[in-house]
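Each in structure tokens, the structures are laid out below.
The two complexes that follow have chain A in common; it is paired with chain B in the first and with chain C in the second.
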Partner chain A sequence: MFIVDYIKTVYSTCKSLLSGMRLTGYYFFHHKEIITQQYPDVRLVMAERFRGEVVMTHDEKNEHRCTGCTACELACPNATIKIVTKQELQPDGKKKKALDTFVYHLELCTMCNLCIMACPTDAIKMAQTYEHSVFDRNQLTKKLNAPGSKLMEGVE
Partner chain B sequence: MISIEHISQSLHEALSASLNSTLVLLIEMVIAGVLVIALFAVLGLVLVFMERKVSAYIQIRLGPNRVGYQGFAQTAADTLKLLIKEGLTPDGADKFLFNLAPLVVMVVAMLIMAPIAFTKGFQLWDINIGVLYVSAVSSISVIGILMAGWASNNKYSMLGAMRSGAQIVSYELSAGLSVITIVILVGSLSINDIIASQQNGWWIFKGHIPVMISFIIFVIAVTAETNRAPFDLAEAESELTAGFHTEYSGMRFAFFFLAEYVNIFVVCAIGATLFFGGWMPFHIGSWEAFNHVMDFIPGIVWFFGKIFSLIFLIMWFRWTFPRLRIDQLLNLEWKYLLPIAMFNLLLTTLMAITGFYFK
Partner chain C sequence: MQYEEVATTEEGNLVINVGPQHPATHGVMHLVITLNGETILKVEPHLGYIHRSIEKMCESLSYRQFIYSTSRMDYLSAHINNHGCALAVEKGLQIEVPERAKVIRVLMDELTRVASHVLWWGAMAMDVGALTPFFHAFRERELINDIMEETCGARLTMNYMVPGGVMADLHPDFVRKVKDFVAFFRTKIDEYDTLITHNVIFQGRMKGVGVISAADAVSYGCTGPVLRACGVKCDIRKLSPYDGYEKLNFEEPLETAGDSYARYLQRMRELRESLSIIDQLIDNIPEGDFQAKTKAVLKLPKGEFYSRVETARGEFGVYIISEGGLTPYRIHFRSPGFNNLAALDHMARGQKIGDLVAIMGTLDLVIPDIDR
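Moving on to the complex of A and B:
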């Protein structure tokens, strides 16, 4: 019957429109649903799994765990990491390869996490920072090992 | 008790005491003009801010909240920006019509203001065919839109203007029919008579089902007539950039923007007058005590309260529903709204003859 279909159409249309208005009306009156974060006032703490940038961990004696093995440099798909090594004289008179500078190009990094997985001594990790804007591109090239730091005792 | 009626009357008396009647009329016309323009400016600022906040809350956002307290100065800052921007006229445009169009749209919005009764005895022009005047004048605005679209020498503007023409011509019908519903019940076209007839209850309650149906049709039709989403095919940002005002910039664009919001205000004022008693407080039949308590709230507060509730309803529509396609739009009007409005008119007429409504 035409007239029955007609009335059914009108009824179902009104019903679906009203259910849409009910949801938006609910949002209008319930401001606790608002998901906007007012960024400069409120800074979010990112989750543990968030990859912001690669950092090297140092302990309180300014010692790191990087042996300069270049496993991370080899694992990196786009040459973000450059490791400069030096020959260090051991107390027993032998020379040993050690880390001189850990160069990290943040502007090239894709946060793929491969270097962290490749590291045999857990020297580097991902930090949860996200404010990386700088005025000059050169500032994005970072030296990860702290000045004057040396290899931690017992890490081979 | 000080009321707006007393203020306007004492002003009239003070003026006519010292000046002759022609001069008094002139001065009063200037005052009325200034008041209307001031109302427009304030409405523009308030409604744009309201729209932005309503849309923000509906979309789970915060909206403007940086300029001034909670963003209150945002629209004033935007207006300032528009004022100092260059008003560009495109090369191939018809310069005269292009510059005339925003003024036509504005003037039409101003004209509809004339018969609206803001509170008891506060009305610019008390004519006995107020409703007819409003429905006649409001359809002139399509000429301004067509003018803008045609004169811009731009295909988007042209398409938007043509759509707007088709839309307003069709939705005028059901808006008119739903207005006639109330005219039948009241038996008068005068705005003051319509408000006076709601002394013992607003028509939306007194006229029960048929008036409610005609109110729904009225709201849908005026949403379409003011080119608001979900019927904003004339603008349709995602398809036609901005439709008929694509080529406009600076203050001329601001005129279109302002006219849109003033039009919403005016149609909501008409809706409030017809269905919710204008400035008439909420009265229930013969409950003398209740009615008296309600009378303590001034009429202007009632009127603006009703208007802004209706405006909120229309904004709610805008931020909930997706835009209709042009064929869906015309289907809705010619296959649904118009037959229902006509049937409803018949029902109302029967109701008025048999007296089957709350008196």
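Moving on to the complex of A and C:
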């Protein structure tokens, strides 16, 4: 009986190995099912909702929608955003709080989307970039509002 | 000092350190193994190499903010961890979650479970020396990652579950892509069986190795597939259903042998079960809101809140003590990996050193989940 068992084991082992090898052979001859991306030459277009980094939207007149309300700064779990405000003189002589600098620390950001959710005026959004490495970490601290930009009219 | 003590207890015993690798790598664990020849006498896990004190960090974050950090614990079940946290906060605030949000959450949970088990399958095969399955597994997991990326905006740390529902509505392509994936993946599980499950050499390495009895597994606090492979029913989705699991028609697969092969088969059967849950839900996503209306600032009433969910590795619990303020007074996470690791010593004693990595593979350990 030992001999019969022995032969059976050898047979089932060989069979299972060969069926595995057959599958491997199938992929060897079917290159189309291999999904290698030639990365630096072929770049993927990321999904529309992909969270790459926070950017501020500006229109063609170089106007943004940020009122400097600091809702995003409060919503951020990692102190990634720092908003510096200034007092701006209105035409009617009153002073009004306005955005001076929107500082964004990419090195601290975890792309959790909470700031975008908190923004009442849709001033910031997530960009679909993904190549963030730089040689100097200071370059990761960004100023999001473009130089000379103003608050869009009608945004409160 | 401790090491010398172990080493000199008996003549001829050898102490080996497995790991740690460099602390900057993602999963660093240190096992001190006492050997007699090739037989393992004792396994002593040393933890703390990637401890980030997430529980303490959460004490200074608001109830909306702390959820993102749980994605970094068990990164393979990020959705399910976030789900557990959202459930605990909802319990405190008594928010009624819309039906659509519940279905989306369950769909995402099951997709995450499939992705996690697929990655485990590849890593498991790699642990016992088969390299190619890892690439097969990543090919399929990539499809789930693409689905996640499209709807949630991220591939691994989604932060998609928020108190009151989910962060954004489903992407228009979601239903079609998930259907394609399920149909495609069913054929691939059969390939997995051909490659690994039916392989006699693999079975020889797994059967009868790393046996743990049901009573021992319960006393070590094991949950999830590790405990179910001993024949104990412990699926939280069945025991205390949350977010509509009670309406679904699914089985809780049970293996009884309690060895490495049973744990392997258990996860393979759960893969198929998850696919059947996705099948049931994907055509029946109700219309409606994806998020309940919540206040801008969440304040939990004074008290203690606990919620538990079934991650790919076992029971994940979130325990919040609130003093009525903006931030929790104390948060504790019950992670499945820590307790499953505790059983490693019991399983590995008397086994050969070559089997240790295979046993660890069947436990499906995610080290950041153990260390938090």
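Keep in mind that, in the parts below, the second predicted complex is superposed on the first by the 141 of 156 C-alpha atoms of A that agree within 3 Å, B and C clash if a C-alpha of one lies under 4 Å from a C-alpha of the other, contacts with A are read in each partner's own complex, and residues count from 1 in each chain.
Just so it is clear, a residue touches a chain if its C-beta (ideal position, glycine included) is under 8 Å from a C-beta of that chain, and two chains touch if they have at least 3 such contacts.
Keep in mind the model is a prediction, meaning the values are calculated, not measured.
A.B. asks: Of the two partner chains, chain B (first) and chain C (second), which one does A:38 touch, if any: first, second, both, or neither?
C.D. replies: Touch status of A:38: first partner only.
A.B. asks: For A:142, decide between first (touching chain B), second (touching chain C), both and neither.
C.D. replies: neither
A.B. asks: For A:12, is the partner it touches chain B (first), chain C (second), both, or none of the two (neither)?
C.D. replies: In the superposition, A:12 contacts chain C only.
A.B. asks: According to the stated criteria, A:82 is in contact with first (chain B), second (chain C), both, or neither; which is it?
C.D. replies: It touches nothing on chain B or chain C.
A.B. asks: Can A:20 be said to touch chain B (first), chain C (second), both, or neither?
C.D. replies: both
A.B. asks: Of chain B and chain C, which one touches more of chain A's residues?
C.D. replies: C
A.B. asks: After lining up the shared chain so the two structures overlap, which partner does A:28 touch, if you call chain B first and chain C second: first, second, both or neither?
C.D. replies: Only chain B is touched by A:28; chain C is not.
A.B. asks: Where on chain A do chain B and chain C both make contact?
C.D. replies: Residues 17, 20, 23-24, 35, which sit in both footprints.
A.B. asks: Mind pulling up the chain C residues that touch chain A in the complex?
C.D. replies: Per the stated touch rule, the residues are 61, 64-66, 68-69, 132, 139, 142, 146, 149-154, 157, 159, 162, 167-168, 171, 191, 194-196, 198-201.
A.B. asks: Using the touch rule from the top, collect the residues of chain A that touch chain C in their complex.
C.D. replies: Residue list for chain A touching chain C: 9, 12-13, 16-17, 19-20, 23-24, 35, 46-51, 75-77, 110-114, 117, 126.
A.B. asks: Any idea which chain B residues touch chain A in the complex?
C.D. replies: 54, 57-62, 65, 316-317, 319-321, 336, 340
A.B. asks: Chain B touches which residues of chain A in the complex?
C.D. replies: The contact residues of chain A facing chain B are 10, 17, 20-21, 23-25, 27-28, 31, 33-36, 38.
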